[in-house]
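Here's the structure we're looking at; comments come further down.
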Amino acid sequence: MTISESLLISVFGLAIVFVVLIALCLFIMLQSRIIGAFRLKKKEAPQKKTEQSASVEKKDAAISAGQLKLFDVDEKTAAIIMAIVSHVSKTPLSELQFKSIKALD
Amino acid sequence: MTISESLLISVFGLAIVFVVLIALCLFIMLQSRIIGAFRLKKKEAPQKKTEQSASVEKKDAAISAGQLKLFDVDEKTAAIIMAIVSHVSKTPLSELQFKSIKALD
Amino acid sequence: MTISESLLISVFGLAIVFVVLIALCLFIMLQSRIIGAFRLKKKEAPQKKTEQSASVEKKDAAISAGQLKLFDVDEKTAAIIMAIVSHVSKTPLSELQFKSIKALD
Amino acid sequence: MQYSFIDTLVKIWEMSGFSYISWQQLLMIGISGVLIYLAIVKGFEPLLLLPIAFGMLLTNLPLADLMVEEVPGSGQPGGLLSYLYLGVKKGIYPSLIFMGIGAMTDFGPLIARPTSLFLGAAAQFGIYVAFTIARALNFTPQEAASIGIIGGADGPTAIYLTAKLADHLLPAIAIAAYSYMALIPMIQPPLMRLLTTKKERETKMEQLREVSKLEKILFPIVVTILCVLLLPSVAPLIGMLMLGNLFRESGVVERLSDTAQNALINIVTIFLGVTVGATAKAETFLRLETLMIIGLGLLAFSFSTVGGLLFGKLMYWLSGGKVNPLIGSAGVSAVPMAARVSQVEGQKANPSNFLLMHAMGPNVAGVIGSAVAAGFLLAVFGQ
Amino acid sequence: MQYSFIDTLVKIWEMSGFSYISWQQLLMIGISGVLIYLAIVKGFEPLLLLPIAFGMLLTNLPLADLMVEEVPGSGQPGGLLSYLYLGVKKGIYPSLIFMGIGAMTDFGPLIARPTSLFLGAAAQFGIYVAFTIARALNFTPQEAASIGIIGGADGPTAIYLTAKLADHLLPAIAIAAYSYMALIPMIQPPLMRLLTTKKERETKMEQLREVSKLEKILFPIVVTILCVLLLPSVAPLIGMLMLGNLFRESGVVERLSDTAQNALINIVTIFLGVTVGATAKAETFLRLETLMIIGLGLLAFSFSTVGGLLFGKLMYWLSGGKVNPLIGSAGVSAVPMAARVSQVEGQKANPSNFLLMHAMGPNVAGVIGSAVAAGFLLAVFGQ
Amino acid sequence: MQYSFIDTLVKIWEMSGFSYISWQQLLMIGISGVLIYLAIVKGFEPLLLLPIAFGMLLTNLPLADLMVEEVPGSGQPGGLLSYLYLGVKKGIYPSLIFMGIGAMTDFGPLIARPTSLFLGAAAQFGIYVAFTIARALNFTPQEAASIGIIGGADGPTAIYLTAKLADHLLPAIAIAAYSYMALIPMIQPPLMRLLTTKKERETKMEQLREVSKLEKILFPIVVTILCVLLLPSVAPLIGMLMLGNLFRESGVVERLSDTAQNALINIVTIFLGVTVGATAKAETFLRLETLMIIGLGLLAFSFSTVGGLLFGKLMYWLSGGKVNPLIGSAGVSAVPMAARVSQVEGQKANPSNFLLMHAMGPNVAGVIGSAVAAGFLLAVFGQ
């Protein structure tokens, strides 16, 4: 195999990656279009709910570490909660990052 | 192997299942009788305790999902508890079923 | 192999265990000495902090069971905490030993 | 220079699966899609059907060759799934799954009322009905036995026996077994109402006695000794089931019990599911046989239900109306679905009726019953 | 009696590693020490570098023979690590790790903006650059392909391909791949600033649309079918990646998903890391080749980054300034490090810029992209 | 038609284990019952004794054949446990268990007072005493070495060595090792009181210095290098022990450490326990040898304790009364039981005495000590 053949294989190799991923892209677009058409009617009513839950969902996403924020909760309760979480999850408090603790009333 | 032989094997097969399970049944009965005889004397005193704990034990049974009931606890505290349990157990609140939350005082 | 040879092998075997472990001992001592020399300067300032955290660290040590103590927390809150820990950790309350529950304010 | 872009695209096309795929494979991919739908949307035993369906999908994509076995001495490795499949072929996975099930199972209700075991035996009736009919339809004895075991309503047992006797039928039998287990709430109620009177269904049963820890610990040991002595070929299934249960009841090896019913059973379930699914290649799966197996499987389930119910009626009669015959159908196993069906039907007839705990006895007895039946068939038809 | 204490000490010395150790082995032990330092103190992908470094340490202690293969029929067992290495050799571990990664990955951002896939393709550019140069440097095609795949910025893929094509280069390639992945925050920013204008970097992107559960469930199935049909040799990697993702998104097999991304992936990671490290014996590792691989690896990473960025600029231009080209570099994979680098650089240019979610799309597309590239190289250069 | 119900019952009886069972097998089943009792009721190291006892039960039920090895090329699979046993035979399980133990062990007290290592060496004395006596009793050198290692008071090490040198003695040695480890609180105190004066036992020891994280991280690396260089044959045990410890102390691979000390060690413990127990077939276990092994095991434990105590007295004397000789007996290993015994006895002599942390040093040193002893015996007597 000469160098020019290597080059050609490289070009073809990159082309194939593009071919496969473009095919995927087209397929996903098509699929989204179809599903979107179906969902259009149902979407209007429960719109509000999804917006509200959006912030909640983000927290669940992926490999996020346990993070909370503090709203409408006195510090003592928050401290207790953090102690419990630390104890139950066997993580030293120093290693836990609490972003928010919020009362749900 | 003819059909009638197949039939016979079937009859014998079912018979064996019965033989084995009847043997087990007899053995368990015998064993329970023996153990029961031994336990008879000890049983009178701590009877009351076992009745009380019966309801508790049922909750632990088998693959029951986490379920609690709510007694004598203000809603805010309950909400906090649920949030913690949800967070610590990595289960979205929507998927947790709390049957009762009870203050133990 | 005669008995006296067995005896010799035994003596040599024990000697080797000693040789290896003495070598280890010397190496660890040497290493501690070197590291100690490096750390000497840094040690004076944060001394106080390490003393404080000593009691905390002991709790984390090894395979200790979950144990807490009770300070400045009303009993109801403590009971709730214990119920949660029991529920989340799937351990019957009777099997959990709480040494202390302390408010962190 | 003999390369050109068009040539290469053609080559890629020729090397791709698109130029090899057959309508049979497309059909299989469609079937796997249906199974994924049933698993996710309908909740049909998803823990196994989902991996099975995905394995079926993978194996029917041409040229992927995930199940190609390594040729010894060739130096070239086999397909990924061919290695994971070894645990099925050697009968290891079903036994390990049984260990996990044992660690999850409370045999208390069975110990409290050991006569439940009769129902667990009677509800294996369908195994032998299906076996006999399969023989009449010219299946080999080994095939007929594997088809019959679908009536045991117990996935790992069915896979264990089929892998040993007729592994070419493995995907059809596994899929039938798990699908019908999921369909229990549809299959059983009509038969239950047909075969029992309203008065029988209304029967309220006495509360079960408390079972001591000692009895629960002795149970797995005694069952192992008795069953394996009576039928040595059940040792891998019953032995592991009872080992798991001993872990659970002993109370001193919490960590082993926990691992047996979580990490270990999950790992094995993934490997077993995907590889069993991957045996469903179009050329072996798309046969009349498969349809016949699906039909015979339904028959087996139905007759097992009937067997359990009729014996339940017998016990109702013998006990002077103390035993609700509805708990008989739970003897098919399909833990805990079948017991829940008994509960639901009982409550329909009499709202103050709580049969769940009473049905758990026959339910777990059915697991032992089908393992014993499998042991018998293995002893008779194994090499 | 021919035993004496001095004699024995001499014998022990002669039997010990001290009398056999070479300076090359000492150097290797030193290198393993450096890797342990990088893993623990610098936090260089410790989950793999730490086991790899320890395996490298073990294998270079003379006479320990942990990688000696069992001679079939000899009755004498092989070295401990030789058994654990089978999972690398047969390509099982990388696929199982991919299953775990699939169960951990949210393809939502990719589905919301499927054009991210272009960036995931473009950022495989470095693979082919490094391949071509490696060929020019007289590496065999198999070796060159394995070296090139470092540019895929994806550890399991690199190990999978190298184990199949050129396993003598395994430790060098694995170490290079994981080290450069850890060095992404140092390698990419200069290139990012060099190739983009301030105005481009300031571009704020529209919020991604919500992706429905249905789309997320269909995604792994569709990707599997399309990719495996187009390039059958990617089946073990893409198939397992998508199986794990289907576990995750289906929502009905929580326990399988949990085990795939915890117990199973961890066990496999330990075995893979230690045994890959243990292939780094002094005599095969301390060669000019290794240095060249390390150099070519950096080149591959850089050119992949460049490829992604340039295509990002193209998309910026085509979209009329709606796409921030900084998300292009995330297409190399190295999940989630590369996406975080895009976020950081974007915020430096414009503090109100939040690119993380937008960069996750190309980021996970890069995983698929490098698996496809590996499939191509395997199809062309595999036996 | 030649079938009849009576005939079949007779046949079933003949095919059942009942017609084959021997009194020896019944005796073995009884012994396994005793072991289960000891494990559950008396709490004798149940994590291993319970699986061992159950394996022993299974293997002595006639015709179950769970340990029959697959005949290569026969196409017929072997017994279930024969596959799981491969991990014992090849020495894989004990090493993996050691990795888990390493991840659970804090070597801090040992690093704080490295002279503990002398006690960990002295308390291997019993290994060689038992070896010499076993040789005198005409055991082969390999058998004698395996018997001696019981005195190491360390289960995985004993199983590792015995599987390599004399696997026919595996069950007896494993059972003896774990039973005596559980009996430490009965075996050691009389010897401790016999060999030490009240004044010695009352000795209070200085608090241990704090050990830095750096020292804890360097420790497993240094130990590995030194031990494996000095005695290459200890590599699988010490190497894996220290890898686990490095996972623990590095603090950057929490998930690997967690899996090593939970899912992985538990899975391996189950497989190891059941299969080691399953080697205890009546015909090989019910011999005079077994009784001799049990006797020699007790001897080995006792002399190891004595060795540790006497060296403890020497250190008491050399240190001018600063070292409490009671911590010497903890050098046998049997972590953490032996250290607790030292604590209890110390407190009996002087209620304000807290020896636990001081005894942990020799205790973990004993693990290294017995691994080194095993390495020596393997180097001398292995093939």
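Read from first to last, the chains carry the letters A, B, C, D, E and F; within each, the first residue is number 1.
In the analysis below, a contact is a pair of C-beta atoms (placed from the backbone, for glycine too) under 8 Å apart; a residue touches a chain by one contact, two chains touch by 3 or more.
Source: prediction; values computed, not measured.
**Student:** From chain A, count the fewest steps through touching chains until chain F is reached.
**Tutor:** The fewest steps needed to get from chain A to chain F is 2.
**Student:** Report the chain whose CA-based centre is farthest from the CA-based centre of chain A.
**Tutor:** Between chain A and the rest, the longest centre separation is with F.
**Student:** Which chain's mean C-alpha position is the greatest distance from chain B's?
**Tutor:** It is E whose centre lies farthest from that of chain B.
**Student:** Using mean CA coordinates as chain centres, what's the gap between chain B and chain E in Å?
**Tutor:** 47
**Student:** If you average the Cα atoms of chain E and of chain F to get two centres, how far apart are those centres in Å?
**Tutor:** So the centre of chain E lies 39 Å away from the centre of chain F.
**Student:** Just curious, how far off is chain C from chain A if you go by their C-alpha centres, in Å?
**Tutor:** It comes to 38 Å between the two C-alpha centres.
**Student:** Send over the residues of chain A in touch with two or more other chains.
**Tutor:** In chain A, residues 16, 19, 84, 88 touch at least two other chains, as defined above.
**Student:** Of all the residues in chain F, which ones touch at least 2 other chains?
**Tutor:** Within chain F, residues 12, 230-231, 262-263 contact more than one other chain.
**Student:** Provide the residue numbers of chain B that touch chain D in the complex, in ascending order.
**Tutor:** 1, 3, 6-7, 9-11, 13-14, 16-25, 27-29, 31-32, 35, 39, 50, 54, 61-63
**Student:** Can you list the residues on chain D that touch chain B in the complex?
**Tutor:** Per the touch definition, chain D meets chain B at residues 104, 106, 110-111, 114-115, 117-118, 120-122, 124-125, 127-129, 131-132, 135-136, 141, 144, 210, 212, 214-215, 218-219, 222-223, 226-227, 230-231, 336, 365, 368-369, 372-373, 376-377, 380.
**Student:** Spell out the part of chain E that touches chain F in their complex, as residue ranges.
**Tutor:** Going by the criterion above, the answer is residues 12, 15-18, 21, 29, 33, 36, 39-40, 43, 46-47, 50-51, 54, 57-58, 61-66, 70, 76-80, 83-84, 262-263, 266-267, 269-270, 274.
**Student:** In the complex formed with chain E, which residues of chain F make contact?
**Tutor:** Touch residues, chain F against chain E: 89-92, 95, 99, 164, 217, 221, 224-225, 228-232, 235-236, 239-240, 243, 246-247, 250-253, 255-256, 258-260, 262-264, 379, 383.
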